[in-house]
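The next part holds the structures, each set out as structure tokens.
What follows is a pair of complexes built around chain A, which joins chain B in one and chain C in the other.
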Partner chain A sequence: MRQSDSYIRIDNVSRRYGAVKALDSVTLDIAKEEFIAILGPSGSGKSTLLRLIAGLDRPTEGHISFEGKDVTGLPPHKRGIGMVFQEFLLFPHRTVRENLAFPLRMRREPQTVIDERLEWVAGVLSLTALLDRYPSQLSGGQQQRVALGRGLIARPTLLLLDEPLANLDRELRQEMEVEIRRYQKQLGIPFIYVTHNQEEALSMSDRIAVIHNGRLEALDVRQAIYDSPPTPFVARFVGKSTKFQGTVTPDGKTVRLARYDHEFPLPPQEKFQPGDALDVFVKNERFDLSPKSEGGSGIVCTVSDIVLRGPFLEYILETDRGDTVIVVKPKRNDPLPIQERVLLSWAPSDCHIFKAGS
Partner chain B sequence: MSPHVSDAIAKWLLAAFVILVFAFLYMPIVHILFASLSSRPNFPYPPEFNFASYVRLSNNTVYQSAFLNSLLLASCTAVLSTVLGFLATIGVLRFGGRRALFYAILFAAPLFVSEIMLGISSMALYYLLFELQGNMVTAIIANAVHCFSFCFLIMAAMLYKYDWRMNEAAIVCGASPVRSFLEIMLPITWPAIMGSLITAFVLSLNGLDISFYLLGATPTMPSVAWGALRYGVKPELYALSTLINLVVFGLVLGLLVSIRLKRKDA
Partner chain C sequence: MPNVSLRQRLLLYVPSGFLLFFFVFPLIALVVLSFWQTENYKIVRELTLNNYVTLATEGAYITFFLRSLMMAVGVSVTLVVMAWPIAYFIVRYGGRYRIILSLLLVIPFLSGEVLRLIALQGMLGPAGLVNGMLVRMGAAPLRLIMYSNVASFIAFIYLYLPLVVTTVYLSLINFDFRLAHAANACGANRFRVFTEVVWPLNLSGTLVGFMLAFIPTLSASLVPRFLGGPNGTLYGMSMSQQFGESGTWALGAAMGVVLFLFSALALAILSFGVDLRRTGFTGMGRQ
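Up next, the complex of A and B:
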């Protein structure tokens, strides 16, 4: 992205706690109407980044600016942001109405504005019937919507969301994923969404920033992060994949697997030297599976179980070396039978190859 | 005997035991109530009610100034030790980190120092350092030292479950730290603060030892009561005790009601 597009700019930001580097030289530009997911395992530094943007913590180095204005030293209550927390953190002694109006009251908005915005937010989030209840009288999903409303009501510069769906059940979560994305498109402000759940990141965001060990591991549009992961960590973390080890054959054109009697052509765009040790990642839904009786090449496996996941089947395969591989296929009425001997292979363009240990 | 009957007997025995325990706890208090209202305070049974003791109490200027002194002492001590205890609670729970337990023990330890020792030692220390004679201020300070640990324990126990991120939630909503404290933290933690205020108030209202050493000639209710003992127990003392008990009882009741109302809200 060009720098002129940048609405929120995180410039070379680091945060150290004593000797521990929670965040290490992260640079990130976020456009005005962008939904960006910050994805990483727990302890990766993603929540630290969010707290720095909110102003709840100060960076050890680097600068953060909103709309070209440096806010690095500005306390959180003067940043004009909205934030939604994983635990919702609704004020228990205040009704839904008072919770929602709180950010407006803090900004000393007149009562007419408060009433008008309350009506708007309660309408958008279907909270009108709940306005006089206390948070303890609401379900998890309702509390979530109030938290979201409280974050949005004051028309913030940006909305920060810290794993807001982690405490909801699966069905509700999927419903909210669609809703949250819709609000973001309606409001046209950036949403910065922290999650450890790659499905949420993929389903909602425009771009995904993958954070690992405090560093920005990858930053790209969601399709690119999923289809062509730039690093082994991203390949392992985004999507469900299986890792194989192999080496480049002496002619430099084929990859030979270390533990299995299987070779596949090295894709021409990959630059590796003969004898290089490689890590090969294959997404579980990109495997080809054929009965061994039909012949061909591949890793010989036995179907040990089949898990039905709605429109998909998960074949649990066991290789002759005792490894388990999961293969995801669209549901069919005539699945391969359990105990069937099968050959596992993949198209060279469907795997991601990295130098071993990189 | 059928199991049904033996169950019933066990239930009655248990009930009788509970009644006995309550009687043991409350008999002295009820006795003083009767004695204060009786025309024959020394043996008030069967009771013959009149308010003579209360009339005599209201005419006694020593008791009146003692009452006012005690009220002042207890109120100031309650506020001072609750404010300090609240700050200590925040320090230990929020910023204590791995050493939180150590700090908590240090703050709670004065609980185990005898009140007489605390009184004598405070008196000696204030005189040594500031040549300060016993007066109301030193008595309040010494009492606050004693009550602080109680206040700390009460508030720490109740604030243990407080989610400090509630303050952060308020701040990102645009509340300044002061407003976030006044509008969010204070109302949520109010029962803990009330509990601490009432406990410190009652402790310093009733405490004899510390005030005795630090107040010199200034009378407080416990010291006047103690002094009166030497010239024979007079009925107005019964009336005084009853009044104090009623005040304490009212405060505790108030606390319970405020917690109940709070629960209903939340």
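Up next, the complex of A and C:
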């Protein structure tokens, strides 16, 4: 992305707690109208990054600017942000109406503006009937919508969302994913969405920043993060995949697996030397599966179980070495039977190859 | 009470019986006595309102009462103002020493009230530590703290500060400070974070601390007796004199009833005047 597109700029930001580097030289530019997910396992530093953007914490090094203005030293209430928390953190002593109006009151907006915005936000989030209730009288999903409304009502420069769906049940979560993305497109402000859930990151965001051990591991549009992960960590963390170990054959054109009698051509764009030890990642839905009786090449497995997941089937395979591999296929009426001997293989372009241990 | 076994009921009946026998019966006796008379150290069993008329008309009793009331309000308000920063500091910055720090507050209680008051006498009296030093340095002694209402005030603060700090501490330790972060992120500055979120959500705990200081101060007798001096008589002290030196038990009983009713009234005002939901009280524990 070009520098001129940058609306939120995170410039070489680090945060140390004593000797621990929670965040290490992260640089990130976020465009206006962009939905960006910050994805990482717990303890990766993603929440630290969010707290730094919000102003709830200060970086040890580096700068953060909004619309070209340096906000690094500003406290949260002077940054013009909205924030939605995982635990909702609604004010329990205030009604829904008062919770929603809180950011506007803090900005000393006149009552007419407050009423107008309340009507707008309650309408958009279907909260009109709940305005006089207290948070303890709301369901989890309703509390979530109030938290979202409170984050949006003051028309913030950006909205920070800290795992906002983690406390909701699965069905509601999927519904809210669609809703949140819709609001973001409507409002045209950046949403920065922190999550450890790669499905949420993939379903909602325009771009994904993967954080690992305090470092920015990858930053790209979601499709690219999914289809061509730049590092082994991203390959393992985004999407569900299986790892195999292998070696480049002496002619440099083929990868031979270490534990299995199977080899496949090394894709021409991959630059490895003969004898290199490799880690090969294959997404569970990219495997090819054929009955062993039909012949061909592949890893010999036995179908040990089949799990039905809506429109998909999950084949639980056991290799002759005792490893378990999960293969996802569209549902069909004549699935391979349990106990069937099968051959597991993949197209060379469908796997991600890295030097072992990298 | 369906499905409650006898053993479970005993858990309720035993303490209820205890309260009935040792609190409610004596209270009734006190109320009855307050409508009788005492003459020459003898009780005259004739119903009369004389005691209450005396209390409502005689200047001394009105002065004692107003002095007690002002003392109780002043002491309780001062205590809340003093206790908050202490409790806040322990909760926010006490770290793993929080429990030890809060237990330190209890240490003065190990010595007993009379002992603590005598120690205070030694501190504040004419030949006490403060004035003794002043006189030695050639300065005039501080009359303000010698056997005066100020001395009583200092004593009340000293006696009840640990109680109020502990109640505010218990309230703050259960407060979710992430709500303060949320308010901050919603545009509230430090002052408004306090007034809009931290204070109201700890108000019920603070009021408990306030009442724990207010009620005993209102009826206190030992503090004014040890430290109050000639113009420091408080209502509770006067009441205990009715039962002691003066032998006017019926009048003392009426004073007891007045104190009881007034404390109950103060409690009622606080509990009905405060909408518990506005203090985040849901009746369902912490969410």
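Assume the second predicted complex is superposed on the first by the 358 of 358 C-alpha atoms of A that agree within 3 Å, B and C clash if a C-alpha of one lies under 4 Å from a C-alpha of the other, contacts with A are read in each partner's own complex, and residues count from 1 in each chain.
The working rule: a residue touches a chain if its C-beta (ideal position, glycine included) is under 8 Å from a C-beta of that chain, and two chains touch if they have at least 3 such contacts.
Here the structure is a predicted model, which means the values were calculated and not measured.
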Checklist entry - For the overlay on chain A, clash or fit between chain B and chain C? => result clash
Checklist entry - Does chain B (first) or chain C (second) touch A:Pro76, or do both, or does neither? => result both
Next on the checklist: Per the contact definition in the header, classify A:Pro267: touching chain B only (first), chain C only (second), both, or neither.
Outcome noted: neither
Checklist entry - Who does A:Pro230 touch here: chain B (first), chain C (second), both, or neither? => result neither
Next on the checklist: Per the definitions at the top, what is the overlap between the chain A residues touching chain B and those touching chain C?
Outcome noted: 54-56, 75-77, 80-83, 85, 87, 89, 91-93, 102-103, 106-107, 134, 136, 150, 154, 160
Checklist entry - Considering the complex alone, what residue numbers of chain A touch chain C? => result 54-56, 75-77, 80-83, 85, 87, 89, 91-93, 102-103, 106-107, 134-136, 150, 154, 160
Item to check | Of all residues in chain C, those that touch chain A in their complex | outcome: 176, 178-179, 181-189, 192, 196-197, 200-201, 277-280, 282, 284, 287
Next on the checklist: Which stretch or stretches of chain B touch chain A in the complex?
Outcome noted: 163, 165-166, 168-177, 179-180, 183-184, 187-188, 262, 265-266
Next on the checklist: If we count contacts the way the header does, which residues on chain A are in touch with chain B in the complex?
Outcome noted: 54-56, 75-77, 79-83, 85, 87, 89, 91-93, 102-103, 106-107, 134, 136, 150, 154, 160
